[in-house]
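Inspection log for the structure reproduced underneath, given as structure tokens.
Labels A, B, C, D, E and F are assigned to the chains in the order they are written; within every chain, residues are numbered from 1.
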Amino acid sequence: MTHAFYVYGSYVATALILFGMIAWVWLDGRARQAELKALEAAGIRRRSAAAQTRETE
Amino acid sequence: MMALFLRDLKLSIRSGGGALIGVLFFMTVVAVIPFGVGPDLNLLSRIGPAIVWIGALLSALLGLDRLFQAERDDGALDVILMQDTPLVMTVFVKCLAHWVATGLPLVIASPLLGLFMNMSEIAIGAVAITLLIGSPAITFIGAAGAAVAVSLPRGGLLVSILVLPLAIPVLIFGVSATYAAVEDPAPFLPPFLILSALTLFFAVLGPLAAALALRNATD
Amino acid sequence: MMALFLRDLKLSIRSGGGALIGVLFFMTVVAVIPFGVGPDLNLLSRIGPAIVWIGALLSALLGLDRLFQAERDDGALDVILMQDTPLVMTVFVKCLAHWVATGLPLVIASPLLGLFMNMSEIAIGAVAITLLIGSPAITFIGAAGAAVAVSLPRGGLLVSILVLPLAIPVLIFGVSATYAAVEDPAPFLPPFLILSALTLFFAVLGPLAAALALRNATD
Amino acid sequence: MRLCAENLSARRGEDLLFLNVSFQLESGGALLLTGANGSGKSTLLRVVAGLLQPESGRVQCQIDDGSEMRPVPELSHYLGHKNGMKRELTVGENLDFWKRYLGDTSPGRSLAVEEAADAVGLSGITHLPYGYMSAGQQRRFAMARLLVAHRPIWILDEPTAALDAKADLMFANLVKQHRQGGGIVLAATHQPIGLQDAQQIVMQGFVYSDLEIAE
Amino acid sequence: MRLCAENLSARRGEDLLFLNVSFQLESGGALLLTGANGSGKSTLLRVVAGLLQPESGRVQCQIDDGSEMRPVPELSHYLGHKNGMKRELTVGENLDFWKRYLGDTSPGRSLAVEEAADAVGLSGITHLPYGYMSAGQQRRFAMARLLVAHRPIWILDEPTAALDAKADLMFANLVKQHRQGGGIVLAATHQPIGLQDAQQIVMQGFVYSDLEIAE
Amino acid sequence: MTDTSLGINKIGDLANPTRFLALSARLLPWMVAITAGLFAIGLYMGFTSEGDYQQGDTVRIMYVHVPSAWLSMMCYTVMALSAIGTLVWRHPLADVSHKAAAPLGAAFTLIALVTGSLWGKPMWGTWWVWDARLTSVFVLFLMYLGLIALNRAMDDASKAARLSAVLILVGFVNIPIIKFSVDWWNTLHQPASVMRLDGPTIHPEFLWPLLVMAIAFTLLFFTLHTMAMRNEIWRRRISAQRRMAARQAGRETVAGVAT
């Protein structure tokens, strides 16, 4: 293949950037879900639930 | 409206020093370039128009970021936002005042700098005219950025980043009109007309965007 | 003192004056230049050092004028003036923080911009070194101007007349040291040493003048 | 004239500060907002002044003669925590600017700059820069702004902060005169400011936190 | 400790605002400045705080144990009309900065940031940016600054502007505690702030205009 | 998830972030699968097609360069549309959408810049020239970074969204400049050969792999965009819950002091 360096170089660069992007989005999602779980475990509920408890008070 | 115009003029002369610092900076930029290029007068006169334009562009940005922030800090922005005069008009008048206080001195100083750069008479005239027509566009674009900066505590640089890319077309046509005036084959009018069109375009777009941003920035 | 340093750093990073933004602004300025001058790589590499230096000067000036005004406007300046730590020290630390937040990133980014401007390796290195040595001087001079700006209720013009002329020698020696490094006949060291001397000189004079102005500024 | 606010709700950050506040004010009427710090008084005033988008509801104003509704902001003066004056300009220049800029919507009812300075008890020093005034003097000149250009609705956020006892009285008088002339006054305050006969709303602060991103 | 002010005079512009004011405050003492707007209360306080050069006279402070005189500014807190906090930083960062910057001159008497926020009745929101606070909340956090770094002398310029009734009480309590702990308080105010037992100076304002060009 | 509480009924059903989360959770696996499949096909076609007689094998760079260049512009267009949604309808999902898209756009622009440079070296003999197309793409990159910085500089999410929406719309001027720069200024860069009014002029041998890769890139963008939007919604919910928790804690202590 002629100019192999440039061709493979561009594919590798693209792959690196794309996988970086995918990994970032993926890990960010995981972290957010973990935080949500932690909050729920700490007993903080979503608004609808909170509003209902306030009504029953 | 006239009152606003006069007050802004008075303010920028009395306090900010915007006008003079702009001109001084402009001169500094232009004075430093010969150090880079060396004392080659031919070359200097060739890149002269570009340098003068770039210097004007950069100095026009100095001080622009506080156009609305100062009004917010003392509460005047609230009163201005409540009036029934269209906000776009108010922004437009403020831009005009800012341009008269800082842009116009640049235009007036540019022939002097043209002499420094060993430019021909035609080139000097062309630079002055293109600056006169083109520099308001920079103020108008900058106003949009300044309006966004109102809600940022100190967003001066950020605004310039967002604003500069939009100023690039103005620069391109300003410089190419100047070169066209100097070099015979290229016609002066087409780029000059495009430059005027750009200014008109930004005279509408800039205040509109600024008004939109100000309306959304209140807190 | 450390606390002040950290707070000022935090402030400039938090509110849009920090590393990322300074560098971005720098890149934008550099991206604008070829549009004016034209894509002539040779020419670009010749004016490159001057452009990079001018960009640094501009970004240093953009945020500096409010160094003390912001403190006065929210009343923090009063509290700072009352402490028994020498005022000169306080000013010095504020300058340092400002330089670390805005000057240092520019120095770090300058090699990249040198590449953009098609500069040679030596020129790139020389620009980075001269910027590293010279840019603090701009901050210190600017601090004196900013302090005077606080004290004069309507003396803005005076400040710009004061500050820029003092900054010009720094710019000139910075640029000429860089060119000396590139072109063989001219020696690099003399202008570079002058530059360092200037920085040291202003590192003392700037904070002293600023402290003096601040002491007399209270009202 | 009549000012109607219907079902106003407003949000600060993500939190709802008040829900469905309604009130009506006739000519000469007054509304007094009280409540603890951070309960949303300033927020409600800013919503009425059109400076904050309400989450729900609207504020409108009906002029006596015609029956068309008009937006409130342009009929109002807003005096917030900040005075809206430039410290570099003299008091006279500041007031003159506002007089011209705000215009005279109902001719003959606005005072001249010196008269207004006189009305706030500070004539004779309008040639000094605004930055040279004491805190109370600055506030009093900010009140003079309300006089140099007549507007029927006054929206006042803690107007008497920094005022001395005499100025308090002077201000209470100004408000009374304004109401007698058919004006409407809305004020948020922690101190009695001579609005005992006014409608009163006590802000409670923080209705509920809306966890949906639902603005 | 003892704070002595002898024959203070000060000038604003060309006018002498007060002439030969003297007072002495012992540990636990308090001084209340009253007077009309523009009569020079803030000016006197700024002179005491060392922020303005007096025309004549001097202010000094004597610590109990030693007999040397020390300058007042570094022993004092000054709470002026402005709060001295950055709206970009969170409340916690602001207070933390002042705590570190002001340092702990008499160890063990300063409160932690959260404790101070608690003392002004606003714990739990120190993580919010200062700019998001209401006017009264901002003022209360400015008071918390007095607590995070102990200083024996408090110089307060209209401290209770913008405070609600409960906060007024809270503040009166803070002042009382500070005085019981041997502190000294100087305050200028238009409202009663629980300093009835204090020395009182009523400022008259504008002594005479010095027609000689004699500066 | 049933949600009958206050304030929800007035918002359109689809606009409901909860609905969006549920819907996207169902769609995402399919999108991921199709994207992966298309990438496999596209890469296979790309590497089995013949080289160009002029450009040799470097023409294969086209299969990543051109789609990413297109996407860098399309992403901005998506952001501009969302910006209109933010300003006109004050739609919460629109806020989330343009905030989530900015880093993706920056990434695709970066790919276009890098692959373009890698293509430019063998073709034009230089990594970078300051020609109109290249510079305007570089400016686009700077604008993405500026928008990201703007979003990070403000804590009030909805205000940040509205302000960046204004800037996005103003900056949209740059997109036609990028697109038509090759026609307006004579440049080194290739003029459009696929997206033309009079139909593509490119050889079908290259057209098909290019199209497949373009669709694959586009789907990848939408998949990532959806995921990033979900993350952003979660992030806002978390901060809202934290705030509420802090406030409740604050209330309890204040109440304790008062009694």
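What we mean here is this: a residue touches a chain if its C-beta (ideal position, glycine included) is under 8 Å from a C-beta of that chain, and two chains touch if they have at least 3 such contacts.
Just so it is clear, the structure is predicted and the values come from calculations on it, not from any experiment.
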item	value
Superposition of chain D upon chain E: rotation angle, C-alpha, nearest 5 degrees	180
Chain whose average C-alpha position is farthest from chain C's own	D
Interface residue overlap between copies chain B and chain C, same or different (over half shared)	same
Longest centre-to-centre distance from chain B, chain (CA-based)	E
Which two chains share the largest set of C-beta contact pairs	B-C
Whole-Å gap separating chain C and chain E, where each centre is the average of the chain's CA atoms	37
For chain B paired with chain F, centre-to-centre distance based on mean C-alpha positions, whole Å	32
Chain centre separation (chain A, chain F; CA means) in Å	16
Whole-Å gap separating chain B and chain E, where each centre is the average of the chain's CA atoms	46
Residue numbers of chain B (touch at least two other chains)	14-15, 73, 152-155, 158, 161, 165, 168, 219
Junction residues of chain F, two or more chains touched	3, 135, 139, 142, 145-146, 149-150, 153, 156, 237, 241, 244, 247
For chain E, residues contacting two or more additional chains	81, 86-88, 132, 166
Chain E residues touching chain C - in the complex, by the definition given at the top	46, 49-52, 71, 73-74, 76, 78, 80-89, 93, 96-98, 100-102
Contacting residues of chain D [partner chain E, same complex]	12-13, 35-39, 41-42, 81, 128, 132-137, 140, 157-158, 161-168, 190-191
Chain C residues touching chain B - in the complex, by the definition given at the top	11-12, 14-17, 21-22, 24-25, 28-29, 31-33, 35-38, 43, 46-51, 53-54, 57-59, 61-63, 66, 70, 73, 153-154, 156-161, 163-165, 167-168, 171-172, 175-176, 179
Parts of chain F lying in touch with chain A, wherever the complex brings them together	3-6, 51, 56-58, 60-61, 64-65, 68, 103-104, 107, 110-111, 114-115, 118-119, 121-122, 220, 224, 227-228, 230-231, 234-235, 237-238, 241-242, 244-245
Sites on chain F touched by chain C in the complex	128-131, 135, 138-139, 142, 145-146, 149-150, 153
